[in-house]
Amino acid sequence: MERDSVKDQADSYVTDDGRTIGPTVMEMKNITLRFGGVEAIKDISFDIREGEIRAIIGPNGAGKSSMLNVISGFYVPQEGEVWYKGAQRPPMKPYQVAQQGIARTFQNIALFEGMSVLDNVMTGRLTQMKSGLLAQSLWKGKAEREEVENREIAEKVIDFLEIQAIRKTPVARLPYGLKKRVELARALAAEPTILLLDEPMAGMNVEEKEDMSRFILDVNDEFGTTIALIEHDMGVVMDLSDRVVVMDYGRKIGDGSPHDVRNNQEVIDAYLGVAHD
Amino acid sequence: DLVFPSLSYRTGPYAAGGIPFADGYADYFTLLNERDGGIGGETIRVPECETAYNTEKGVECYESTKGEGALVYQPLSTGITYQLIPKVTADDIPMLTSGLGRTSAKNGNVFSHVFNFPANYWDGASVAIKHIMEQEGGSLEGKKIALVYHNSAYGKEPIRTLQELSEKHGFELKEVPVDHPGQEQKSQWLQIRRDKPDYVIMYGWGVMNQVAVQEAANIRFPMDKFIGIWWSGSENDVLSAGAKADGYKALTFHNVGSDYPLYDDLKKHVIDTGKTAGAGDQVGTVLYNRGIYAAMLVAEAARTAQEIHGVTDITGGQMRDGMEQLEITEEKMAALGLPDFGPEFSVSCDNHGGEGFVAVTQWDAEAKEWNLVSDFMQSDQDVIQPLIDEDSKAYADENAIEGNC
Amino acid sequence: MPEQLAFTIEVFMNGLMAGVLYALVALGFVLIYKASGIFNYAQGVMALFAALTLVGIMEGQVPFSHLINAILGTEVHHFGWHVPAFLAIVLTMVVMIVLAYCVQRFVFRYLVGQEPIILFMATIGLAYFLEGVGDLMWGSEIKTLDVGLPQGINVWIDEFTFDATGYGFFIDNLDIVASIVAAILVIGLVMFAQYTKQGRAMRAVADDHQAALSVGVSLNFIWILVWSLAGFVALVAGIMWGAKSGVQFSLSLIALKALPVLMLGGFTSIPGAIVGGLIIGVGEKLFEFLIGAPFLGGATENWFAYMLALVFLVFRPQGLFGEKIIERV
Amino acid sequence: MLDAANTNDVAVENLLEVNNIEVIYNHVILVLKGVSLNVPKGGITALLGGNGAGKTTTLKAISGLLASERGEVTKGSIKYRNSPIQHQDPAETVKKGVVQVMEGRHCFEHLTIEENLLTGAYTRADGNAAIQRDLEMVYDYFPRLKERRRSQAGYTSGGEQQMCAIGRALMSRPETILLDEPSMGLAPQLVEQIFEIVKSVNEKEGVTFLLAEQNTNVALRFAHYGYILESGRVVMDGPAKDLRENQDVKEFYLGMSDEGRKSFRDVRSYRRRKRWLS
Amino acid sequence: MFYREAGDFNTSYAQDQQTFPIKFDRYRYYLVLFVAIFVIPFMVNDYWVNSLFLPFLIYAIAAIGLNILVGYCGQVSLGTGGFMAVGAYACYKLMTAMPDVSMFIHILLAGVITAAVGALFGLPSLRIKGFYLAVATLAAQFFLVWLFNRVPWFYNYSASGQISAPERDTFGILITGPNTDAWATYMFCLIFTVGSALVARNLTRGSVGRKWMAIRDMDIAAEIIGVNPLRAKLTAFAVSSFFIGISGALFFSIYLGAVEVGEAFGIQKSFLVLFMIIIGGLGSIFGSFAGAAFLVLLPVLLKIVGVDWLGWPTDIVAHLQLVIVGGLIIIFLIAEPHGLAQLWRVAKEKLRLWPFPH
């Protein structure tokens, strides 16, 4: 097992579309997660490679979000290991995971409703801001400098996602789609190594999904950010992702290129209903 | 005119105690105005200010009334007293804290502007013991006495005195604190039921009194062995326990009831003319009488001041002098229509507290009235005076006071 | 029986009884919190108000007499009649229902869907308001409340235990009555919340008032209902506590005794209020008896109750019986 | 019931008429700027449009839930069976037969699934037996709910909660259901399933639906008539079939170009690219 | 109208991040400060200072402190009275132990000590949330008051258990005790109030402030995006207690001069300060001032109107005062649930749009 992952890391991988993606950055090994009697995840292993877009799909309640929660350290699996950048990750608090460069968005928007868009995006920079309490209370020296530097990065992300106009608006007033975009901005502001997206396009219409797809692809292209993505819109999944994991009631029932997965009978039965066009 | 601000509390947790006092205080001055045209020809004004027994409001009241030419303050709350001690001294206005406040203010040498005649908390403690000793035929050797007290500065006042006295007389003292507000005293009274003290002394205030009397009745503690300080000895404190409170005792530094010539005048000039301060339904209650008494002391002090300074429109400083030379005699009281209403005493530069005469009253639940059951007795000055000297010296040192006498 | 043990048992039992009295107050909080997520700061003042009204009605006091007299210069105080306790309780209950209606109609109707802290704030305003109105209406003198409840040591238990163990236990008659009343109240309220349509609607409103609205539950009605119930509980608490200490301002402070109970039992659980009350009652009394009074100088009950609750909370952040806080992302 | 294709030909009774309404939140934020629509009895009417177009607001204006969000209908009228309902208490509206299934499910987290469903029957006065019968009916439509009837709704998965919310609405025996984004966050198979159920409830029970959806594709397959809302105004309406064929709708709402479905990888990439690189 | 941001450009991020990015606001702020420093001290007498300005300034500091905890970090606390007592007793011990050190230092040190105590009592906040936490902080309240009442060391073994502030000065100007000048105590408190407001403002607009607000708005999400919740909460408790400690120290030494812990720092105080920030506006420094002003000034105002102008009996006025304050709180909440600060904000927004309604 261990030798395998060493080997994998050295490898690069060529997708169906002919994109070359890098070695494994994160590997989940035999994860099992239980809530009382409910087994939300049953012995699942899969890997995420550097620079790829990895989709996770499956019916409702399959355990997809729970898997992301395991990755971000919010749920602690009863069994299994998480390997990150070639080493086994010790037990960690979620904020420590975030500091390691893993950022995410949430299925049910988890923005900070009492703050403006800009402040929300700036919270993405928190892991990088280190000035002390005293310096901040006087707003001098490092504190002020740091604030401006990070503001510049945040503004870049804001420009990138085209939300300049609502910079100062309190997020509570935004419509759903924009909130999702702000959430993405907050995650991007952290300049993560791995970006976890939990249904970024739920509740959007096609036009907005197109926009969001573009953003995701650009993030992947421009920054080389590795992305793990949960999505129910098969069109999006098929078009964007390099590899797909399929879960069903906590089990893994498929893993491979979008094309393979789409034609997997078990996946069709459990999830797609009809073979997707 | 003469201005005697009344810092009253007709609202808040202690309203029940504040209302009758404030009524009595105001009614007495109304009487003087109506009947005699004031004091020495000067009419009296009593601006009332509501403190709700709250120190901050007390300060606000003080600041807002002192500009009107206030002559004397009676803050009626130990907390407010402590705030005002330095302020009145700086502003040259005297303050009277009969039976409350800072006990060591008796030392006029240190506390030039504070008066606490005719009696203070330590006098109360001492007389309570004296009374118990009388009941027990002169000796307290081997007896057990419990002190149930409001767990605050006020309630803790008698502890030192009682400790000294317990050493002196050989009784065992048991301290039983009750936290504010004192609505639940089960564990305190179970403790008392178990320890079976021979007597219980109480320094309570507000709802704590009512609950304590009730609980004492519940455990069938003999009521005549339960003695409260004067702030635990009004009608309010016993009425809610009904018949079971019969026999409960309390200390006092003035007499009870309304059987005095003054009350006839009051009825004629104030009550019947509808000039009463409150609803007029408190006349003759213990705290109303205390208000009358306090007003009387102030009025007499003002009269004294007018005499020694030869002016009628006196200032605060002159009022202070009047208080310092006040002498209350039986003739004076009789002339005022209050014969035998309180102890005789005189004030001097080093003694701002009188002689410390205190009497015991007892509650008659059937007649719903308090009766005096002892003479006015003097407290044990041998014990108290050293304590006063010690405490006032500490204050003098802290505040670099040299002495006025 | 060794003395110390006998005393300890006695303290324990009295702790239970005291706990019941705390629970009576806590119940009112639970009802309103459960149905609307409102932490009702005014619950203590409501108990005071109910008790004042009860006494006022029984004595035939003229409401607002001070104000009337001050403005009109009249001298009215009493109607001159006395109302029997039972009738007065019914009338007081009517007043409490009117109060519930007004609270809903003039305050909370406009605050639907606000954050908990804002609703909490509104109850603070309400507390001020009610306190002022109560004083204006009935005056702030201390009043004796006598609806004929027995009080004082229960002689039968005293004698029985004395015969059995050589030590007569002290149990207050009022506490026994309170326990019976509390038991009936709790059973009644639990049945109501769990098994009736209105009870279910009440819990639904607590969870998600918008969704409750969307299925046709009338928030107005449910809230008037719970505020009335809370008013009733306040009245009961007011009677019990008023019998101990007379009716006066301090009655509103009994709320402080209910808070640790609430916290320990869980804000949303009716049985929790009782169990919490018992634990707090016993805990604080035993601590005071065994440790507080002998070693710490006494008067430890206030803070100990809170500390005890705090320790429980660290292990169960939603209280013993509170609904589990659902934390998902 | 009605045939999806033929609605425009048949003159039908309008149950619900929304007439030129304007909605303001918090006294300052103008959201609906004159929306009118008609919901025919027995039909499925779809309300389409992008984020923030005002679909939810429209539904809430109808059901009366706006008031609890500090929103207000300031102009226009909403009539149900020809009597105005815009300022009514939501409970009254439910009694008249209009229930809303809210966006984002909104189950009662601490109640069990069954208690959730029973709460749906709050306004009914036709006795326990009838309610039990309808409970069985709901379990027939959603067998999954029957399995989870004793679990707290807060711990069920998104799909189950959606079923619970629809089932709960059915329990009040409504004449009209306002359904807000039923497909959001559901797996494709389940979306299909839910819409099938909507269709069969519509056909079997005769319940009228007004349906707000982002998923234009599915919505137009199942609806009879559609309105398209954009920033607080109706920009287009017509029978579902016509809308499906409309060029603009195809491009913007169905994601089709002339050559069929576009790939998400290709769309408008040039535009973003240009901007990003500049 | 006057209130426009148009034409008011910021050309750097630093400029955009300043406290009052809009010019009009900035000038108004300078004006207020000017009046507070150069006009009021020359006009006040004892009454104004002791009954209005000192309580207002001191409560404003406490309100700022509590607002950091409740309004910015979302941790509801009812321990304010207890923490103020810590500040007061720390100040008392320092004053009496080191009579020659400037009061300035004592007050700051009292703040630091309170911060430490506050952080300690903040520990349970990691697990306990919402109203449960609020009630839990009462444990601190009751315990601290009991402690100061119980242990004679804290009150230097005085007979009554009260503490009273001896005369002390700073830079040679007397600021405690009875012989102070009104302007001196006023200025002393003003310095602390303005300083506190500035520091609070700086903290809340920087990264610490964002951590707090993130925790407030959604603590789980905050933790997942990289905020250490314990650290954030404890700093909030510490910073908040620092301010509250300062206000407690000032309250005791400058304003009251003598204090009995149970009464001056009882639970009523905790509630009072909480009311201030809720009425003023949670998460707003301006709101802290507005709330403090409301609850300090309104009762005095009502009293003046009722007793001095209308000549009504004091008790009726006091009761009516309760009714009016209670009624006003409710009316304000209905008009604007987010406090006076929000009322002000909405007013500004309307002004900006004026004369158009939307």
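First chain written, first letter: the chains are A, B, C, D and E, and each begins at residue 1.
As a convention for this text, a contact is a pair of C-beta atoms (placed from the backbone, for glycine too) under 8 Å apart; a residue touches a chain by one contact, two chains touch by 3 or more.
Which protein is which chain? UniProt says A = Amino acid/amide ABC transporter ATP-binding protein 1, HAAT family; C = Amino acid/amide ABC transporter membrane protein 1, HAAT family; D = Amino acid/amide ABC transporter ATP-binding protein 2, HAAT family; E = Amino acid/amide ABC transporter membrane protein 2, HAAT family.
All values reported here derive from a predicted model rather than from experimental measurement.
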Chains in simultaneous contact with subunit B and subunit C: E
Steps in the shortest chain-to-chain touch route ending at subunit E and beginning at subunit C: 1
Chain located farthest away, centre of subunit C as origin (C-alpha): A
Identity of the chain that, by mean CA position, is farthest from subunit D: B
Centre distance in Å when subunit B and subunit E are each reduced to the mean of their C-alpha atoms: 37
Mean-CA-position distance for subunit E and subunit A (Å): 42
Subunit A and subunit C, separation of their C-alpha mean positions in angstrom: 50
Distance from subunit D to subunit A - Cα centre to Cα centre, in angstrom: 30
Contacts with 2+ other chains: residues of subunit D: 29, 155
Where subunit A touches two or more other chains at once, by residue number: 74, 106-108, 110
Touching two or more other chains - residue numbers and ranges from subunit C: 66, 135, 140, 297, 299, 302, 329
Partner subunit E, residues of subunit D touching it in the complex: 24, 28-30
Complex contact set, residues of subunit A against subunit D: 35, 38, 58-61, 107-108, 160, 173-178, 199, 202-210, 213-214, 217-218, 222, 232-236, 239-240, 271-274, 276-277
Subunit E contact footprint on subunit A (complex, rising order): 72-74, 93-95, 97-99, 103-104, 106, 110-115, 119, 122-127, 129, 131, 133, 136-139, 143-144, 146-148, 150-152, 155, 186-187, 190
Subunit E-touching residues of subunit B, taken from the complex the two chains share: 8, 10-11, 15, 19, 48-50, 52, 54-56, 59-60, 63-64, 66-67, 78-79, 82-83, 85-87, 89-91, 102-104, 151-154, 156-157, 160, 179-180, 277-278, 387, 391, 394, 398-400
For the subunit D and subunit A complex, residues of the former touching the latter: 29, 48-52, 104, 155-160, 181, 184-193, 214-217, 252-255, 261-265, 267-269, 272-273, 276
